[in-house]
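Since the structure comes first, as structure tokens, the remarks are kept for the end.
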Amino acid sequence: MNQTHPTRETDLSFDESDAAQAESGSPFTPHDAEDVTEMLAAIGADDVEELFDVPEPVRYDGSFGIEGRSERAVRRRLDRTLDANADVVEFLGRGHYSHYVPSVVDSLSLRSEFITSYTQYQPEVSQGFLQVLFEFQSLVTELTGMDVANCSMYDAATALGEAATLADRVRAADGSTILVPDYLRAERRAVLENYADGPGLEIREFPTANGMVDPDALESALGEDVLLVYVENPTTDGVIEEHLDEIGSILEDRETLFCLGSDLLALSLLQNPADVGADVVVGNAGVLGLPNVYGMGIGLFACREEFLRQVPGRLVGASEDADGDRTYTLTLQTREQHIRRERATSNICSNQAWVALRTAIHAAYLGPEGLTALADRCTRLPARLAAELDAIPGVSAPANDAYHFREFTAEIDGDAEAVVSELADRGFAVHRRGDDAIQVCVTETNEEHAAELLETVREVMA
Amino acid sequence: MNQTHPTRETDLSFDESDAAQAESGSPFTPHDAEDVTEMLAAIGADDVEELFDVPEPVRYDGSFGIEGRSERAVRRRLDRTLDANADVVEFLGRGHYSHYVPSVVDSLSLRSEFITSYTQYQPEVSQGFLQVLFEFQSLVTELTGMDVANCSMYDAATALGEAATLADRVRAADGSTILVPDYLRAERRAVLENYADGPGLEIREFPTANGMVDPDALESALGEDVLLVYVENPTTDGVIEEHLDEIGSILEDRETLFCLGSDLLALSLLQNPADVGADVVVGNAGVLGLPNVYGMGIGLFACREEFLRQVPGRLVGASEDADGDRTYTLTLQTREQHIRRERATSNICSNQAWVALRTAIHAAYLGPEGLTALADRCTRLPARLAAELDAIPGVSAPANDAYHFREFTAEIDGDAEAVVSELADRGFAVHRRGDDAIQVCVTETNEEHAAELLETVREVMA
Amino acid sequence: RQAKWDETESDGHEPLLAEKDLTRHEPSDTYLPDDLTRDGVELPSISEPELVRHYTRLSQMNYGIDSGPYPLGSCTMKYNPKFTEDIAGQPAAAVHPDRDPELAQGTLQVYHELQDYLSRIGGMSAVTLQPPAGAAGELTGILVAKAYHEHNDEGDQREEILVPASAHGTNFASAAMAGYDIVELPADDDGRVDLDALSEAVGDSTAALMLTNPNTLGLFERDIEEIATIVHDAGGLLYYDGANLNALLGRARPGDMGFDVMHFNVHKTFATPHGGGGPGAGPIGVREGLEKFLPSPQVRVDGDEYTLVEPAESIGKVHGSMGNWLVLLKTHAYISRLGDEGLVDTSAKAVLNANYLAERIDLEVPFGPFHHEFVASAGETDAADFAKAMLDNGVHPPTTKWPEIVDEALMTEPTEAESKRSLERLAAAFNAVSEADDDAIAAAPRMTAAKRIDQTTAARDPKLSWQQLSD
Amino acid sequence: RQAKWDETESDGHEPLLAEKDLTRHEPSDTYLPDDLTRDGVELPSISEPELVRHYTRLSQMNYGIDSGPYPLGSCTMKYNPKFTEDIAGQPAAAVHPDRDPELAQGTLQVYHELQDYLSRIGGMSAVTLQPPAGAAGELTGILVAKAYHEHNDEGDQREEILVPASAHGTNFASAAMAGYDIVELPADDDGRVDLDALSEAVGDSTAALMLTNPNTLGLFERDIEEIATIVHDAGGLLYYDGANLNALLGRARPGDMGFDVMHFNVHKTFATPHGGGGPGAGPIGVREGLEKFLPSPQVRVDGDEYTLVEPAESIGKVHGSMGNWLVLLKTHAYISRLGDEGLVDTSAKAVLNANYLAERIDLEVPFGPFHHEFVASAGETDAADFAKAMLDNGVHPPTTKWPEIVDEALMTEPTEAESKRSLERLAAAFNAVSEADDDAIAAAPRMTAAKRIDQTTAARDPKLSWQQLSD
């Protein structure tokens, strides 16, 4: 078409807008040129570079080869990158679980007064978060039956590590042995080994039977050197432990701590740790509050009153302000690294406080009835799914003659690796357990796909 | 497998969790049974049903056949439903535009103090939103050059309707004609007709040339009966109007209002309406703040000071409180329906305040440089895309010999309906304009797909 | 106590962005020639961190439902479920209104299902979702009535709309916008429509009666069947103002009561957020025979394909597109969360709460029995002053000075979403003010971000922008 | 002024959920037999509307970066860009940690790219992202050092870690957790490492020196090359505490200065939100030769496939999975938003701001020249009291009483994200308190949600749960 108006802008390309939008300098520094000039004048410097007291030999020129992008370009690029996470339905568990997180959790926890705040060193302007953490501790206290709970550990594995060093500090037992069941996940054990390394503790395994503790075998494994016995309920194989009372009795009169691993949802239904004689409860609190985000979560740590001053991590306590009103504050800080330095109960500083907030909101949303009802469902779903799988030729489920929580193992006639891989190709992720077993986890967030999973397993096994 | 533990729960189905989670009653009523009992006792009633003073013949039994669902089930169901919106790249405009909305807009506008508040009838506890609206009015004032802006109309079409009735109220002209260009979108005209219906106004079209006003034709169409002349810049065909000064001169000494339609982004770059003699500016303010959400937006309405007391809708003004501090309040409410009833300047009550908040945040995020740079890009992109399309055999673009803003029409050799349909099948949505033209809109949010679009058009036209 | 900015430099207010920075930017190297561009714009140039603090602070100076009870009678401020925002924020919800219907089947399905839900809830034959607010719904409904009379060749003759004195101001304004004369109906002694006055007012020139039921006093119009007969016998239509439908959800349907046209206020009945003044949505429903006048387009389903259809004698359009889509989507989500049981429970608890609160406050509450709201009298105290004093108790006051049938009216609607504890707190706020002395009331509010605001000066010498402030 | 609850029933505090409701629920009809279930749980049963108000109100009683400046020295509280939350909130980011790597290629790509970014920024050979916090990074780094010495058969011999007196408490605690003895190094008169003291302390038993540079006084350790030589010559490793890396971004790299191991604090350097105490992330970088000791697994790329690999002599694991994934994702987003130019500008403005603020306050500020932070002295006033009085000015005070090398220390780090206006407001707050009289300071704070809090009693008689409150 014959145009009197220019129609071609030769120096424009369709993909340059991101570059065009990328600010020179940081988009998050508020200074304009005039500000900089005035500030330098006040300081008495000619140039910002003068302010860097860095000797020439170690100066760096600032080139990392990292390209700046507009906000939109960063989002688009990461959206595309994450899309490479295959679109499979996860029937995965083993200590990391998916429960539906209601919208209020995001809506409230993302309020900037919460998420952009720091540790509550100035309690007068931090009452909100302090009360949240106090309520979180109270929730954990109720669900574990313990006297004291801290308000955040990194995860279940590090919480177990902290329990081991607590045992070392509080127990006069001669030895230095931490006794763990043979079903302990390798990852948790590896973390425990590193926590044990400093104080020189030794990790020893005891054999279990049918996925749960064999009290006789435990008793045989015990000795004067044992600081702590760790047991899970449910286990990461999904088995509900049936010998907690016996374990409690065995450990009752010994200088050995009884440490129970669990999670906040299971605790709302299963035996109360306090009732079976547990001394310390660790595990996963983030089953409430976060979906599965590649293992990011929050660890649980609760114990009996006598260990209070040896507890690792943050503790929030109630106090009064100058008006006599109830207030909250970080307390017993003399246990902590910023005061006690190398004699602190732990090196923990930043932890998982924001996840604790989310967990507290989620738990409050469910309430006692909701928690218990969901936990009850977590005992029914695996039973049903195991029975259906068991009906498929070549599958025997559950592998353990036990009640299960969320998950169970199933024996497979044939090559488990091939079966798991074939299922993945067809859109389902399950755990492989050795050469001839798989593990399957079912909750309210994937049960709607259970029928498809069964159909697919049937096809794969055929 | 032979199990001593029950493995089949006969009454459990995998899809019942939604029903199990659906509360009886509303999940958003906080009463437990005890509360209800106590409240009824205080009222002196035995049953809530007693409180309904509804005669038997018009009582309804409450069955609508609408099934209640858990929060998760509702989300899942609507997610699936919306997935049925085809995954196409939109090159659509015509008054509704897509610009990248930065994350701060959601983050701030969803703060519950903003989004869960009502109209600011109690200014003492509503200073935040009032200041936002005051700043929005100021933004519009600056960009339109007008003296007065209100803080929200439903959309561009209804704002035009309100301008017509304003003209009827403020102009002594004998007649009742609203003069609109022949390029006016049918939807906008249809809305205008309804606003014109009550006061008995007549809508008349004047012919344009090359997609813009022909001053001679406009002058010929004018008469003593014309209350208002409406012109767009840019037009919904994307044409930048080149005769604004002449239009202003033509209307200067007449009892006819000059009403200009535009949008907030275009106004940051194109001729200032005040400079060309506009009396009223209407249009789309939501081009900033919201993506294309099926036409939901916010209308623009600004005018000269002399019409202040005839302005429709909400106005926020500055004032002082008892301490003498600057404060803000809804003002000139005697224009409004809740005071003036049938003599109000409009029936408007709820409007689009929350979108105004989003628009204000987005505009502030961009700032004067950002706005102008983005607007400038909106003049380059269509020029480039038109030139590239023009190079494809069978396509002539742009159809108008003009500068364009965001979009343009292109003539097609062949059946436009078939071309548009074929493009849709291949993942691109463009407008069909009659039998032998299409319209294409390009902004920073779809330019990255421009090359693919060109390639696809090439294939389709081949 | 509400947060307040206390920056010394700014006399106690959060500065305007324009007071923090004002940068004049004159574009250069523009693609357009100079004669098509403006000289420049002068606006705040603010960094993202500063921007975030500005709006965060402003939000803290604002009261919302999440801050506490908000018992604005006839404005129904109830809890807004958060999950509806997550649904509305989905990328798949962002579609252009000019998409071919084939490319927007998901959105159209939501429209169609919501049309259906509302038809059932209102007892109506068809529903349009186009009006972007309740008042726009009123205008739409009256235009439908007008089209109906014109269709019957009675358009010129029927030039009056009857509106009870206690009706919402929008009823008067909407009818006037549609070109009608207003005939105001007085109330009888019990606060309801005076049947004799109605019979007298109604006639050949009556286009419609606009009625709110329960009315703004919270009273059900018990004579509704007789009212319908009177209006219909005179050839008029009966219009239902849906503002108070929350009180009747699942208990009575406008269609069953004889209403021909109605609007819904989705934020009042279906919990969409009000956003500080909108967006809302004002769908209207019509009885059989009036569908053909509805705005264009309507969503229909044909097999499993959703299509857009122009009704045969459509009044045309009342919004440039299809109304406030995201608000309608949230409405759909809310209704399908509640279902029948939740909807019925909503009206039960709304009515229970209003009656309980009325019982708990030490003010005169004339008329009754109440449904979802009641109008108390502030007695000797000016109702507006009474409201200011309530602010200091951390609650939002009721609607004041309206309806005028009650002296110094405090029109109070707690909604179903308030707990017994919250109602008691609200009652305590009423009772504290009713016992306060005049000086204390005059000095209120003290706990708010701003003290008592001078509205008269604001209107006498309007300052409507930062530009005018610096004049 | 901060918002405060003023509910009469609760003495001025927001009630605990347990004070609003406590419901004992005893499960019945459970699938499990009774002997495997507990008797019941007693927890608040709260409706969604009440829940939302509770947490909304609590948030209003909390100060965050979006509320105003937060100049906590060494804790680096800077603006947290909102878009990173949108990225982290995507459904595609929610994946199970036990997915086969083939099914998590997107997540692994982000890990791999971030490992690469951090290697470049730190001048390191390899990076692990596993440590879930800075202190966890320290422990990890020291365990790597330990593994290195054990690999060289010097594990038993090298049992000491040197730490300067002004170092972060976590350095001492982390080294102790790894089983080391701590040797504290005094500072010289100019606030930096005393080279003579270092030479004396270092020896065959030295495993490592942990150093923060710039140190906690904001001072660059100018003798860093000599320090490195001394430590390396003695067979020890040099550990870089990354807390203050924000000051040096793009100006100097720990690897180039001779550090062997370092950790990054992603919230301090890369603007991830601190969330009221975490989650953070504490990636560590190591120089060439130490990669084989890193935690398992590392992310590698093989062609275009990302895989998980266990380093040859890995120390094992320090977190049950792969660390705090969402935090790492936000870190990636932030770094790729800024790029080289943004990173360099960050340190420029951080240092400019600290120097400007130091210039503007009327307190003694010993030592210098400062980089990103400085330590002022409150003089005769107790630094903790000084901080309380600052709260009344609407700003967050600096870190107090540390490092002890300055009397009544006020350790102040404004960060790059504060504007000149904001710094001036902060300076005004410092100066107002420095002129206030003792009584006024003792009475502070008055404008906060709580008045001065008694921390001693809280520690003496700990009440750590609602259960203990009601004891």
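Structure notes:
As written, the chain order gives the labels A, B, C and D, with residue 1 at the start of each chain.
Just so it is clear, contacts are C-beta pairs under 8 Å (C-beta built on N, C-alpha and C of every residue); 3 or more make two chains touch, one makes a residue touch a chain.
Since the model is a prediction, treat every value here as computed from it, not as a measurement.
Set side by side, the interfaces A-D and B-D show unequal numbers of C-beta pairs in contact, with more at A-D.
Looking across B-D, A-C or B-C, the interface that copies A-D in more than half of its residue contact pairs is found at B-C. Averaging C-alpha coordinates per chain places the centre of chain B 19 Å away from that of chain C. For the pair chain A and chain C, the distance between C-alpha centroids works out to 45 Å. The set of chain C residues that touch two or more partner chains comprises 2, 31, 45-50, 52, 56-57, 60, 66-67, 79, 81-83, 85-86, 417-419, 422.
Among the residues of chain B, those touching two or more other chains are numbered 9, 27-30, 71, 75, 102-104, 106-107, 110-112, 380, 383, 403.
Put simply, chain C touches chain D in their complex at residues 1-9, 20, 47-50, 52-53, 56-57, 60, 66-68, 79, 81-82, 393-394, 417-419, 421-422, 425, 428, 447. Note for the complex: chain B touches chain D at residues 9, 27-30, 32, 102-104, 106-107, 112.
Chain contact summary for the complex, chain A toward chain B: residues 1-9, 12, 14-15, 17, 20-21, 71-72, 75-76, 100, 102-103, 107, 110-112, 373, 377, 380-381, 383-387, 390, 396-399, 401-403, 411, 444-445, 447-448, 450-451.
Residue ranges on chain C touching chain A, taken from their complex, read 31, 45-50, 52, 56, 81-83, 85-86.
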